[in-house]
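The structures considered in this document are given below.
Same chain, two partners: subunit A is paired with subunit B first, then with subunit C.
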Partner chain A sequence: MSWHLTHDQLHQYAAHTADDVTAMSAEAHLMHCARCRDLLPADEAWLDRSWANLRDIVDRPRRGPLERLLSVLGLRENTAKLLAATPQLYRAWLTATVLVLATALTVAHELPRGSLLFSFTAPVVPLLGVALAYGRWVDPAHSLTSVTPLAGYRLLFLRTSAVLVPALTLCTAAAALMPSTSTLWEAVFWLLPALAMVAGCLSLSRWMPLSLAGGLLGAGWLLTVGVLGIAEELDPLLLFSPTAQSGWAAALTLLAGAILLRMRTV
Partner chain B sequence: MTMDTTATGVSVRGLVRSYGTRRALAGIDLDLGPGVTGLLGRNGAGKTTLLRCLATDLEATGGEVRVLGRDPEQAADRTEIRRRMGYLPQSPSFYPHFTVFGLLDYVAVLKELGGRRERHDEVRRAMRRVDLYDRRHSRVRRLSGGMRQRLGLASALLGDPELLLLDEPTIGLDPEQRIRFRDLVSELAARSTVVLSTHQIEDVAALCRRVLCLDAGRVVFDGTPDELVSRARGRVWEQGSRPAEGVTSWRLADGRYRVLVPEGTENPDSTAGVPVEPSLEDAYLLFTGAGRKTR
Partner chain C sequence: MKLLRRARRRTPSYGPDSTDPVLLSAVAAGETDALEILHRRHAPWLRTRLRYRCSDPDQLDAALQETFLAVWRNAGSFTPRPGDSDAGAWLWTIAIRQLISQLRKRANRWIADSTPEPYETIGDASAEDTVLLNIEHGPLGAALHELSPELRSAIQATVLDGLTVREAAEILRIPEGTVKTRVMRAKARLREALTT
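After this line comes the complex of A and B, so read on.
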């Protein structure tokens, strides 16, 4: 390098008081001249922070498509990371849910009284998802994560919401596409039993593994449907009658209250 | 006995934990402070159950537990304990599709560690401590058993815990890694309480200044490794002839037999052999009940 910046030029460049031509010339020179760069006053702390940030951007783990999607939808970075890391069984459940609902839709359109299949499977779809979302038997990393500050009800509810949002969306969409659906009520008649059973499952998880609680309630539901179907003077659709819906609503209220109370006291 | 409720260690009185009708812990009393304490015992002696109770992973069926001065039965206390504790479970498993960095970052989020940059720096520090930094972008499914064990250890180290509970931490580690592990634990023990459950007697001899031997859910020995060895003096023999039935023995490379004689009994072949200086392993076998078994 045959020439170097003068003291005044360096001072003006650093203080942002140099004119545009001088600033551009000084910048081009500084790119190639270590001696002049060394003379330039620098904020060492700012430089260290900047380098550390740059290193972090280059080196940090790449986010998966689901985590990026959740961030785009407005979720906080940590929440998106926790939701995207749900066990693989969750993905299997999501795939199974789509397949079951697609089958129920096909049957409803092709067979007389075929919509009954949807009526009796829709309430257990969210329940099974919740049962597979949290716990030692379904989450390979549970032994590591169960003793972290976020474990317990906080992580359980986060994962439950990760199940309920897609489950309720998919079931509502499927109900809307049913041949017999003409009113809003016909699209959401399954919702209260589904939510009540999810609340029951969460309540029972105090005494037994979540997966076992979900399995017991799901089996109980299918057994009840079967018994009502076999009985001569009863109809399984009684489970969705206005009286039954009042019962589901009451059960949901009580169970949700009990869960909230337990969260506050334990 | 009064509880030591200081905020640095662990205090337990009459701890009972049952699985149905079986008592895994049958009334444990202990106080643990800074330094490394080794838990020794046969499979099923209660070591893992004790660690899980201290780690807030299991609720005690009876008795009182204080961890870092807090009561794990209270939700707020339990959360605070979890913030200040690291736990390596026995045979930890992971999400196989995660990278090393991604998995530890996930655990760091669950541990509520700082903002993103600070959290990533903490994860890098933990990876360097267990020598996994060069594998930070490898998928977990591509790691060897020893590397996975180090990954579990790194997750326990996140957040620089004041209490570190390690259940069989050296399984799958090669000799070089075990030496690194001992260095690391010794360094941590200078300012933290470390509880180490293991079958590796060499690790206990190298690391622990206190040893607890568990048998059938009870503490049968509590003292230093030297005290454990001294309790075994006079009970370890070597002899040329095959020992009588009813005592624990094994054949040595030179064809002689090493015989362990449990407390309260005499060596039936005492004229055929000579008492020898016991090793820590001999003492462990005697105090964990192995000496009561017929081989």
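After this line comes the complex of A and C, so read on.
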């Protein structure tokens, strides 16, 4: 660069008092001369303010694909963020669910009476997911979230529904693929016991940690199935008989009512 | 996922004295500190220059903020010309476009924004334009003095600011045909003044 702008020219240009031709000349020069650009008087207060505004936008965390999908589905932004931030175990549980259901499907297709395995695992799958969705031992950030106004029932139910939706979808899809499925009834026979056990788990969480409640109920379910299977005159499929189904429905209604009542009073 | 993250982490080392291309590649790798250095280096002169085109400080600040946001998102698309370690021209191209879209937003809120054209460094101009860009004190300065203000502003928008005829028409608020004739007349006058 053969020449540079003088101090006066720079100040006139910055103060917006330069005449048109000088301004054009200064602009053409400044575009390529870093030295004169640095000498141009700058408004420090404005610069700091401008950067602060910019940083607010730039520093915002990028949103993950799951979060964006949830927002597209119509959830509010903060709810979507909360759902996407469920514990890491959630992902492991989802993989496990897919594996278990795939195994159950294979067994059902390969072995005689193999569909029994699916019948007894499907009701427990959503339950385990719920048990792992909220609580001190499964959520690394639990001590942080528990002191926010959001904690408690709202968070518990949000997390529960975040688990229930994929679990029920996966189970229904698996049920539809079963070899014995011919009617709608045969595809959803496991639904009532599953929902009743989830509701039971949520009710028990009043007295014990959610994971313990889920574990107890799941163990109870497996024990019942085992006992019914060993006993001579009894068939484990009794758990899905129409009488039992009405029992499950009654239990679900009662437990859901109790939960709603408790939410109101708390 | 892990591979992606590792690739993102490998950023070039940079400091307050680094050249613009180095800083821009750091910005492309997600470094906010590099963006701050660029902002500190370029925002003042861009603002001063934009102020000659728009007197509303709110719109100015909005345009500048959008400019640096565009830099933040598109830093990877900056390709320095060989031997040129300065992004001033590239930044100015973005800034003036952002100012025009700010003005357009205010003028016609009901007209949908047309898709922005990709940012290209200005300067690949005709020989005539190159001569005009070397305004120094001398015959060209004097010739520009002789021009009427509207011819001068047409030259300023198209040659100095590197705008297309359509963009110049928007910022000057005159029809495109008028911009064309004014530029032609101004260039003819200048040629005349410089050759005689």
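Odds and ends about this structure:
One rule holds for everything that comes next: the second predicted complex is superposed on the first by the 209 of 266 C-alpha atoms of A that agree within 3 Å, B and C clash if a C-alpha of one lies under 4 Å from a C-alpha of the other, contacts with A are read in each partner's own complex, and residues count from 1 in each chain.
By our rule, a contact is a pair of C-beta atoms (placed from the backbone, for glycine too) under 8 Å apart; a residue touches a chain by one contact, two chains touch by 3 or more.
Just so you know, these numbers come straight off a predicted model, no measurement behind them.
When the two structures are aligned on the shared chain, A:W3 is found in touch with subunit C, with no touch to subunit B. When the two complexes are overlaid on their common chain A, residue A:I230 makes contact with neither subunit B nor subunit C. When the two complexes are overlaid on their common chain A, residue A:D43 makes contact with subunit C while staying clear of subunit B. Judged by the touch definition given at the top, the superposed model places A:N53 against both subunit B and subunit C. By the document's definition of touching, neither partner reaches A:V72: not subunit B, not subunit C. Of the two partner chains, subunit C is the only one touched by A:A14; subunit B is not.
By the document's definition of touching, of the two partners only subunit C reaches A:L30; subunit B does not.
Once both structures are placed on chain A, subunit A residues 53, 59 are touched by subunit B and, in the other complex, by subunit C. Those residues of subunit C that touch subunit A in the shared complex are 32, 35-36, 39-45, 47-49, 51-52, 61, 64-65, 68-69, 72, 86, 88-89, 92, 133-137, 141, 144-145, 149, 152, 156, 160. Residue ranges on subunit A touching subunit B, taken from their complex, read 52-53, 56, 59-61, 77-78, 81-82, 85, 87-88, 140-141, 143-152, 155, 265-266.
On subunit A, the positions that touch subunit C within their shared complex are 3, 13-14, 16, 20-21, 23-25, 27-32, 34, 37-38, 40-43, 46-47, 50-51, 53-55, 57-59. Of all residues in subunit B, those touching subunit A in their complex are 55-57, 75, 78-79, 82-83, 85, 87, 89, 92-99, 101-103, 105-107, 109-112, 116-117, 120-121, 124, 136-137, 152, 155.
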